[in-house]
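Please read the structure below before turning to the comments.
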Amino acid sequence: MSLITKFLSTLLHRREAGIAVMIVLLALVVGAIQPRFLTLETLRIIALAIPLILIAAMGQMMVLVARHVDLSIGSILAFSSIIAGIMFRDLPDVPIIISIVAAIACGGALGFANGVIVTLFRLPSIIVTLGTLSLYRGLVFLVSGARQVDPQYIPRSLIEMSQTSPIFGIPWIVILAFVIALLTYFFLDHVRLGRQIYALGSNPVAAPLRGIKVVPLTILVFTMSGALAGLTGIIYASRFGYVNPGITGVGFEFTVIAAVVIGGVSINGGVGTVLGTVLGVILLGMVNVALPLLGVSAFWQDVIYGAVIVIALLIDKSVRDRSARALAAARSAA
Amino acid sequence: MFKKSLLLGISLSVALISGAALAQDPVSIVYIPKNTGNPYFDSLVAGFEDACKELNCEFTMAAPATAEATSQIPFITAQTQRGVDVIAISPNSPDAMNQVLDRARSRGILVLAVNGDLVDNYEHRDAAILPVDFTKTGPGQVELVGSMIGYKGEIAVLSATTDAPDQNTWIAAMVDSLKTNPKYKDMNLVATVYGDDEPQKSTTEAEALLQTYPDLKGIISPTTVGVAAAAQVIQSAGKADEVKLTGLGTPNQMRPFIKDGTVEAVQLWSPYNEGLLAAYFAVGVKNGTIKNEVGATFEVPELGTITIGEHNVMNTQAELTTFNADNIDDFDF
Amino acid sequence: MADAPLIAARGISKQFAGVEVLSDVDLDLMAGEIHALLGENGAGKSTFAKILAGVHRPTRGTLALNGQPVEVNNPTTAQRLGITLIHQEPISFPDMSVAENLVLGRTDSALLGRVPWAEMEQGAKDLMTQLGVRIDVTKPMRGLSIADQQMVEIARALASDSRLIIMDEPTAPLTPKEVDTLFKIARRLRDEGRTIIFISHRLEEVQALCDRATIFRDGALVDTVDVVDVTDEDIIKLMIGRPLRELIHKTGSEIGEVALEVSGLSQPGMFKNISFSVRKGEIVGLAGLVGAGRTDVARAIFGVAPAQSGTINVNGAPVTIAEPSDAIDLGLAFVPEDRAVAGIFKTLSVEHNITATVPGKIAPRGFISRGIEKALTAQSVKQLRIRLASVRQPIGELSGGNQQKAILARWLHTDPQILILDEPTRGIDIGVKAEFYDMIGKLAADGRAILLISSELPELLALCDRILVMAEGELTADLLRADATQETIMHAAVPKTGNHAQESAA
Amino acid sequence: MTMQTETAKPTRDSADARPMWQVVLVRPEVMTFALLVGAFIIASNLSPFFSDAQFILESSTYYVEYSIIALVLTLVIISGEIDLSPAAMMALSACVFAALYQAGLPIGLAMIASLATGVLMGLFNGILVVVFKLPSIIVTIGTLTLYRGLAQVLAGDRSIGKFPQWFNGIDYRLILDVPVPVIVFVIISVALAAILGTTVIGRQIYQVGTSEIASIHAGIRVRRIKLGLFVAMGVASSIGGLLTASRLASVRYDMATGGELQMVLMVMLGGTYIFGGRGSILGTFLASWLLVIIATGMTVANIAITAQLIVMGALLIISIIATNAIYARTQR
């Protein structure tokens, strides 16, 4: 086997390569129909569409790798966002960074609560977070008195995070998102604790036998997901310039889950890479930007998300089946 | 503690309903906005509250979580059961509530549509309080954007949802005036896009507009979510000088953009006055001082003489209010 | 052996849900010995091993390590104390690489410490070299054979410098060549001064490998012996209390027409070209090592996982069995191997368990008749002497033997002509076993055809008219009772080809 | 059964049977019933307008469509699966109905088409779960988004209405002072309770949920049962969608948004075990009324929607915890 064919076959067997190919194809197809799609300006728009999904996707990815799921991130996002907004409005003397940290901490706390309920009572995370999805949204209305935080209260410097750039015209929030992705990569691939998350998702029964502290680890994963959703809430305030308790983050969980499963993260736990997730987010971001450019109704967005989740599940399943079959065949052939 | 039997409960509620009909008790008004957490309705509620202080009526607000078509129905039924005198509602659907509203009216409750009407279902409410004559909104917006771009060049519309009835009325009127009024002959409506009143979708659509139409001169966004998203996009792209934006937006929502020059002016009406008018009208009808008939007139402090128009519709103001850098700080809603 | 024992267990007892499964075990394990734990399933040897490894905590009793009292509360503690348990089907993290599986759970560096990928892989390679096996440590565990997975487990024990390595039936799924490799490594580890606990059913392996053996029966330690001093017969006697043959009184039955005939049954990756027949009144044994494909063949015949090709004839007529209900309609019954998973409905009542196969009987007009159901259950309880507190109690509350009786009762209600029994006496008390042997004999005497899958050769030899042997998915022998001995069966059961990743891994 | 069992020491044969009072009282439905009584008392005290049978019945028509679907969902969850897409199925099947009617199809045919849509959607869910062996919980999250999206593509966000007068307002048709949908709910409850409690299918649903593998080995046609249940979900959702269309006299794509939470809540509150094998129609029936009482009680007492969201979310979690605890006690 020559070096080149070996390289190609590794490429084809990597899920990431498949997504990368799809990204290129999508760009070419959309570009062929609407040449404006292939401009730097589009790149900027796509780049701006990414951070919101990407940061939350990092959290959701860790949750999925640990063989759980977090449906409450949309509400957590809204909660952190509204907390930051209220602090900006009512405590103008407090430094912005403190408000931001407080908001992220609130997200972490809600995630922590998810983790505690899931582990303490051994409940399926999907049902627990379906409950907290509603519960946390109620809290958002409660703390905000059902009142929006208007644009005039959002600090200029925060809004400029989405508009100004330190380098190459890449906005701050985009850089922040990729820094978070890089940190997540480092954590999951190079820190022992991160590897334990994979172990937990890969074989939850064996994990405690190997001394992995399942309860604290699970809680940690949910807490990180919550905190990252909280950070997403700050980005949300930065990007849209106001915080509304009723519409902020509604339905966001589906977008993020769709992005993560496109990225090859398995809902069966133990499998998934940061690179894949990043590519999944980029692909979804491109689709979102391409739809209006092509003049397709935004109504199609949900259809695409739903179809993407179902198709990703089927691909995941067929990959698993195929590798199981190949293994069986290899054993019987020998 | 279990002191009320069902029977007692029924007789009690009957007693309360009939009791309320006697004019001695203060008129009780409940207002059901589209959803909770919508800043627009906060201001409208304030109008109700201030009027009720003046008129000595009892006012409460009950809001569903979402603006979904059915979400207001349990609230209407519950308020009917509570035996309120007046239900004022900003309907989430022009037709899904017909039957519950009829039920309320059959119990002697005055049903008012506020800020939006039950289009083509007028017989299911007693009257409607709308801010302005909606036929004037479209032309008003075209004129405003025209004045900003020198009545020349490409313009686009960023609307709410494809089937939003009010917005569609306005857009139709815009298209009509662009066609018929020679003043606008050099203005060209190149696209109408929809952001679904969601910040994210509205932002993406606004970005796509700038991207697809590089020669675009003006954007009209006749919806508060859309105009805020478009302003944010224009500010981000630094295109305030090239693309002029206007639309319908609340002063609080648009204040930073107007102050920093991203947007010269937006228009709206006073939701506060809607609440005020609704309360005055409701109390007047209940006390017998106002006749709910087409053509009848009555006085409301600060609003002047109000005339009940066709389909029992009344407006709080004749023209849209324009908010710009000079006057925006006079408003807080 | 004058030194203090490596492990001294005193009065170790364990109860599960009020049932005592281990009582008052005293045992000393010396450094540098290979010590066999023997006993029937359910005798308590695995429970004892798991207590040593921290998987279970003893209800009573103490452990001392090198003379110091220790508490082994969890597997991590055990690991830290130098005790490693290697499961028969090793527990691993299939999505992670071999090298990572080796170090996962090690507590010698901080949780927030970096993963030293390069060192880790080099260390893993070194361990594999040390063990003399060729496993690509960068590949995920998912693709490894069971033998290789065991090697990884042993490597893990070495990496953490374990002094006690417990191997729970390690050889059952292995080929002889693999067994050889394992034994070589085990002896080397012993010579390094480590202690190995070897749990097995195969007495010849115990003779070949072990220094001492401890025999368990009914949750109690019966005796500890030096292996060189005893014969297989002695050990069997200790294990079952009396010779097995005394338990089995097979009444001769009339052997009639062919009831079940399969030919050319194949399922890629599991078994190929399986052909045999079972006659009315005949008990046909199916022997083979774990993983030889016996259960897969049974599942295929019964339609749980139909074979890809091949034909099945019932009473001479070709039939299609796409799912178990087809098989039941044809008069087949199947008592599966894994009772807890595939047999009982744990939380449902004994009654509902017993009538699960006969919906038509209990609900003649579509609605379930309580009367009929009660009568059917009562009949079974009496006929099979099922011991229970109430027929409405969850079946999970019964003992294993009584659960198995209920499963058999379930099938008797369908009046099956062909019964496939997969390890029917596994994990059952010796007394109840005898009842089962009686029942199986009677069923055959009634003219039913029986296919009996068992890993216990004495059981097969005593009960069966004929014994089939499978190895590596193929039928390797069809022996008449007269010709069958433990030796002839094992000879056929041992694979001829070495199918092993150790050879194929590049 | 006998109660005079000897209280023997733990033996290796079997544990003792539980006493009768435990069997009867320590079950989740008792918890649901207690909550129902409690909620009624609290609601009566919160607002003098609450305890009025006619009002409660009228209010119940706003939830009864969910309740009907929750009954079928109970069977699905007992069988060890879950379906989170019914609210979206309601919307899509109702949109199909309305769009076809508007396009000129006779209303009867439009209704049949709507039911057929329900069958197809349920079948699609079922095939993904049964044939492709995907986990239903995540599959139906995907199809929930998909079906809702299709409804939006089909109907835009118009309100489609103008149905013939006889079709509209089924919730205002009363039989013996009880709205028709409530009667439908009661009838379906009784029918499903009978199926679950006295027929072989019902028995097998429990068995499948207790152990799918054991069921396969006992000759139970697991795939057929599960596929049937998913199709039944589709049909029930379609019926729910049509009832809603009649009640509202119009259809929009956002019909029943978030309804899946309420349906799951009803089933969980009724003490059905989230991991399958246990549960009852009676529990879901009681829980439906509990939810009506809670929601109506809070609304009529003018308690802000904020509190309602929190109560609903918290109830879901608490009910699962309580149910688990009860089953853990009785399982041993």
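As written, the chain order gives the labels A, B, C and D, with residue 1 at the start of each chain.
Everything that follows uses one rule, which is that a contact is a pair of C-beta atoms (placed from the backbone, for glycine too) under 8 Å apart; a residue touches a chain by one contact, two chains touch by 3 or more.
On a predicted model such as this, the values are computed, not experimentally measured, just so you know.
Any chain bridging subunit B and subunit D, meaning touching each of them, is among A; the list is complete.
When every chain is reduced to the mean of its CA atoms, the largest separation from subunit A belongs to C. Here C-D and A-C are compared, and the pair linked by more C-beta contacts is C-D. With centres defined as mean CA coordinates, subunit C is found 44 Å away from subunit A. One simple way to say how far apart two chains are is to compare their mean CA positions; for subunit A and subunit B this gives 36 Å. With centres taken as mean Cα positions, subunit C sits 74 Å from subunit B. For subunit D, residues that reach two or more other chains under the stated contact definition are 156, 258, 304-306, 308-309. Touching two or more other chains at once are residues 137, 141, 146, 297, 299, 301 of subunit A. Those residues of subunit B in touch with two or more other chains are numbered 36, 63, 65-66, 162, 196. Pairs of chains that satisfy the touch definition comprise A-B, A-C, A-D, B-D, C-D.
Per the touch definition, subunit A reaches subunit D in the complex via residues 69, 71, 117, 121-124, 126-128, 130-139, 141-142, 146, 254, 257-258, 267, 297, 299-307, 309-310, 313-314, 317. Subunit D contributes residues 1-2, 5, 10-18, 198-200, 203-204, 206-207, 210-211, 213-221, 277-278, 327, 331-332 to its touches with subunit C in the complex. Within the complex formed with subunit D, the residues of subunit B that make contact are 1-6, 8-10, 12-13, 16, 36, 60, 62-66, 68-70, 73-75, 77-78, 81-83, 93-99, 103, 161-164, 196. Per the touch definition, subunit D reaches subunit B in the complex via residues 41, 44-45, 47-55, 58-59, 62, 156-159, 161, 168-169, 171-172, 244, 247-250, 252, 254-258, 295-296, 299-300, 302, 304-306, 308-309.
Across the interface of their complex, subunit A is touched by residues 55, 74-76, 79, 91-96, 100, 104-105, 107, 109-115, 117, 142-143, 145, 268-270, 272, 473, 497, 499-500, 504 of subunit C.
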